[in-house]
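By written order: A, B, C and D. Residues from 1 in each chain.
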Amino acid sequence: MRVERSNKNQEDPYLPRMRESIEKVEATREERIDQEVEPLDPKTRDKVLNEFHPDYIESAFREVNVGPNAGEMMPKELVDLLEAYPKYDPSEVNLAKVEKEVDVLIIGGGGAGNIAAYWAVQEGLDPSDILIATKLRNGDSNSVMSQGGVQAADREEDSPVQHYLDIMGGGHYANKPDLVETLVRDAPKMIEWHEDLGVIYDKDGDGAMKELHGGGTSRKRLHSAKDYTGLEIVRVVRDEVRNMAIPVKEFAPAVELLTDADGTVTGALLFNMETDKYSVVKAKSVILATGGFGRLHIQDFPTTNHYGATADGLILGYRAGANMLDMDTVQYHPTGAAYPQQIMGLLVTEKVRSSGAYPVNSEGEFFTFNLEPRDVEASMLIRECRDVEHGGRDNGVETPGGITGVWLDTPMIDMKHGEGTFEKNLEYIYRLYTRFGIDPTEDPILVYPTLHYQNGGIEIDNDGHTAVEGLLAAGEVEGGVHGKNRLMGNSIMDYNVFGRRAGIAAARRAKGESEWGEVSLEHVERYVDKLRESDVDMQKRSPMLIPDYRGERTQGRTLDLLDPS
Amino acid sequence: MKLTDSDQDLVAEVEELSGENLYACFQCGKCSASCPFTDEMDELPNQLIRRVQIGDRRILQSKTPWVCASCLSCEVECPKGNDIPAIMEAVREITLRSNVDETDLRDLDTRGLPEIALVSNFRKKTG
Amino acid sequence: MSPSNEDQETVRIHIMGKEYEVPKGLTMMDAIEHSGYRLIRGVGCRGGFCGACATLYRLEGDYKLYADLACQKTVEDGMYLMQLPFTPAGRKTYDIEEIGRDGNPLLENYPEVARCVSCNTCTKACPQDLEVMDFINEAIRGNIENVASMSFDCIQCGICAARCPAEIPHHHVAQMARRVYGKHNLPKSDHVAARVREIEGGEFDESLQEITSLSREVLEERYESREIE
Amino acid sequence: MEELLYYPGCSLKDTAIGFEESAIYASRQLGIELKEMERWNCCGTVYSLTADNLMKQLGPVRNLVHAQEEGYEKVYTLCSMCDNTLKRSNRLVKNDPEKLEKINSFMDREEDYLGEVTVKHYLELLRDELGWDAVREPVREPLKGLNVAPYYGCMLTRPKEIGLDDPHNPTVLEDFISSLGAEPVDYPYHSECCGSYNTVEKKDIVLKQAGKITSSAAAAGADLIITSCPLCHYNLDTRQSEYIRRENSSKPVPVLYITQLMAVAYGNSDVCKFDKHAIDPREALALENKALKER
């Protein structure tokens, strides 16, 4: 017997003016049931992007002064951390005292980290010669939060070439062709690997995959496990990592990489968040699997990201000399929860739209094709909500949290596919809203773009090697696969394909090294000296490790969003 | 076996747990005669009851309560209608409730055993 | 929350027994941070996926002990809350290839499941509202498929295992059931296997070689004209 | 077809699946549809005897609440242990309102148990409601010349307060056997415990009991033994084959569930799942050559 766990304290969860708008949505619902909106033509698409997408607001970016990407524009919240003092306290660090020597050190316990560890063992390493060092618990990551699905071109009517085309088009052709080719080639193999591990994908009776469209896909190739796809994949791999007894050190983030005289990465300096003690770990190969940077709240956006997504890997890698690609773009997911305020910014998966709940403005009208690529879809929603003086259409619904949103007409899902469809396939979303008194099968839900994914990152080659010897990278931290805009379902495949390849490459490299290299922090000192020479005023210390929501900065209270002036 | 310390609250404890009057038993021995498992026991059922009557706490180390399968053969024979299996369970419970399990799950090979065997065994031998 | 601070409605909560005044409507997690705590444990995804923020709480004047996720539960006046930084539960290491072939792998690896007294405490504790006691009973019966489907939304927060009088690790039992079901019962998809063989057989080498060497203009034209099925 | 609410018990869903499937088949021949309870949980055998431990009564009482919620006054069981546990818990809470009130207040999500549900064993259905003639009626393969030893074990007849027959001189299984056309065999150990859960940690006790009980039945001329308890079946069947291997003693005596014997007599032995037995009864039932040919 299901227990009513919602925090419903008032009768109508929606405020009166929201209820008026809902009535308009309900009024037009009948006629909209088989109405379709055409995708934008390329010219209009670029115009909308230019005018409304946050990436095109110059004031939000700042030029990098030092390092391989000097001269490029990146979000100022990131550059503040790139150009900051190191976090470690030199007086506490004793590089002579080595706590552990491993073949492969993996920094980050999300999808990429666990998959890299698994495949390093398949490549012949003994599990005890691997160490996963993660900032929170093993598995706590963005990876477990992806809902909608993972892309792989494994149906008759689909092909890797079609998948390649979608990725390149979506990424505005800035992607590295060889990385995209590797992704589309390996994708079906990773799905097969998941089945072999026991991942429970949504399937027909005979085992055929149920696949849906995603934003920007030309074929249905989105494999899902209800709307807990990321969680199901990662918890299965983590379960196998536990069976293989691969050592994991939790609450022990790396605060700096360690290098030898000629700059090869030879280990990392870990920081125990509970004892404030540093520990030196030597490794023959180091893999950065630290994920994204949503918790930097770029342009004050709320975010779908987990607590630890603070760009640590970018900072560590960049200080060691690893260059980055496509950092001038940030992905905003078009539909983050805009109301109620407790869940503001959380992801409402694209699968809600692809299952039939199209975006509707405050007047109850369609205003965009429901599955544009993410950057376009987000811009269309921003345009619909922005006030007329700033070029918008002022068709948004005001929320107490300070932002306006548009509706996703969620009741249409059950109308189109039959009663119970929503609750069966979108159980996470159903639970998310009913907990706060809103039943998405009866009322539409309010959404607004939310900071979602780091399109770019540290450049890697096909095997995950970065520009720095001994340093590899996998997952959201690396760049080059998605170009200027990632499509839904390609991030899970990214950390699978390149997690595996980085794990194998790291293992191979480790087997080739007879012993461990010297460890030093000189590369950091050189980096800080260069910063001082270019008289950058540095007040922060980085990496950030965890965001600070104490007191007035509480995330739920102060994020008055997007005053476009 | 010299009787060193007589512990009257053992009787009270067993009576409270089993809801039985221990002194109703006049040691006729019919329960022990009907019990199928006496040759595995170091103390016969009626001897166990006698030990409790005289407050001999060493009975808690006896194998007897752990061999008893609660099959109630003794109960239907007892001329006084005493619930001897309840007395056996009371003696077991004194140990189990001191957080000491008779069965150690860790090194148990349960392959092939039906559910009913495991459920009933743990019900009587773990706290 | 833009209303000015003075007339801001507040509620009284107790974090591990210490009293704080926080604005009404915050989740427990936001309220803990608003009170000045910087979380290291007891926080993870902040979206209801990872189970890191398992929290026990009582309400003044109510005898019941509730459990919920700090990131998904709004604070109430007179709430006494305490986060579980970690929930110890015995997890069995196993070989996925071997188990699940015959017999009941759940009962064999977790015999304590047979100690269930059906007291339903686990179901009442589950923040995901799963019928935990029911799927543990299905585990006793060896019905792997039911355990897998009924436990699918489990986020492994471990509150059930922390509160179970029979010391059962429900979330580990459920994870094993889902692995066995996914691997040994769920039919494999032929079209995925076929496509992997095709790719390894080089069927797409030529077409991939062609498309990866196209100029940006040609690629863009190919992209804009592609038909969507 | 009359629908009766049926409580299966965990073993009948897995290791004793032949017991359930033969029971469903046999009941249909008697015009009875065994309707499984919507929700049920483990009965928590063996009945907990300590007066104050209500935690262990929650399992059985919760099943009675579910039966009450489904609107039935009677619930039928097949397994002797489930029957015994449910009956004794039912009796406990019916006679002790204070304990019932405590249990009801603890189970705060279910309706309160009103104490009006009655637990019946399958043999009580056959004997008291249908009658032996009705049981005899669908027999198409009379088990003439088949000597069957009835094995009551402990839980059917004991304790007296809930037993379905006189513990010292039960006859229900003998009548049951005769009604199917077979010959009941009299032997001294029909009600001696098989060792029960000692099979988990003190296997030797059970091996000894299995040897003693089955050889005594064989000596009295039994071709096979019948029981209605999955634990007795495991101990007398699987442990007997282990005993015979260890002692390489006399001929194995197959062990059947009561409803398997009915299914064979009614002409369908496929539902019995005999392949799951350690000692294959098909040879003793002479299903291949003698009159009991498969259709």
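Convention: a residue touches a chain if its C-beta (ideal position, glycine included) is under 8 Å from a C-beta of that chain, and two chains touch if they have at least 3 such contacts.
Small disclaimer: the values here were computed from a predicted structure and weren't measured.
**Student:** Of the pairs B-D and C-D, which shows more C-beta pairs in contact?
**Tutor:** Top pair by contacting C-beta pairs is B-D.
**Student:** Which chain has its Cα centroid closest to the overall Cα centroid?
**Tutor:** If we average C-alpha coordinates per chain, C lands closest to the whole-structure average.
**Student:** In angstrom, rounded to a whole number, how far apart do the mean CA points of subunit B and subunit D lie?
**Tutor:** 26
**Student:** Centroid of subunit A to centroid of subunit D, CA atoms only: how many Å?
**Tutor:** 58
**Student:** Distance from the CA centroid of subunit C to that of subunit D, rounded to the nearest Å?
**Tutor:** About 41 Å, centre to centre.
**Student:** Could you please state the distance in Å, as a whole number, between where the Cα atoms of subunit B are centred and where those of subunit C are centred?
**Tutor:** Centre separation, subunit B to subunit C: 44 Å.
**Student:** For subunit C, jot down the residues that touch at least 2 other chains.
**Tutor:** 104, 114, 124, 140-142
**Student:** Specify, in ascending order, the residues of subunit D that touch 2 or more different other chains.
**Tutor:** Residues 10, 14, 42, 44, 56, 109.
**Student:** Taking each residue of subunit B in turn, which ones touch at least two of the other chains?
**Tutor:** 108, 110, 112, 115, 118-119, 121, 123
**Student:** Where on subunit B is subunit D touching in the complex?
**Tutor:** 16-19, 36-37, 40, 67, 69-73, 75-76, 83, 85-86, 89-90, 93, 103, 108, 110, 112-121, 123-125
**Student:** Which positions of subunit B touch subunit C when the two form their complex?
**Tutor:** So the residues of subunit B in touch with subunit C come to 105, 108, 110-112, 115, 118-119, 121-123, 126.
**Student:** Tell me, which parts of subunit C touch subunit B in their complex?
**Tutor:** Those in contact with subunit B are residues 103-104, 107-108, 111-112, 114-115, 140-142.
**Student:** Within their complex, state which residues of subunit A touch subunit C.
**Tutor:** So the residues of subunit A touching subunit C come out as 2-3, 5, 7, 42, 136-137, 139-142, 144-145, 152-157, 159-162, 164-166, 168-169, 173, 177-178, 180-181, 184-185, 188-189, 191-192, 195-201, 203, 205-209, 213, 217-220, 225-226, 228, 230-232, 235-236, 239-240, 242-243, 245, 251, 273-274, 304, 306-307, 341-343, 346-347, 400-402, 427-428, 431-432, 435-436, 546, 548-551, 554-558, 560.
**Student:** Can you list the residues on subunit D that touch subunit B in the complex?
**Tutor:** Residue list for subunit D touching subunit B: 9-11, 14-16, 42, 44-53, 56, 79, 81, 154, 158-160, 167-168, 191-193, 195-202, 205, 209, 229-231, 234, 238.
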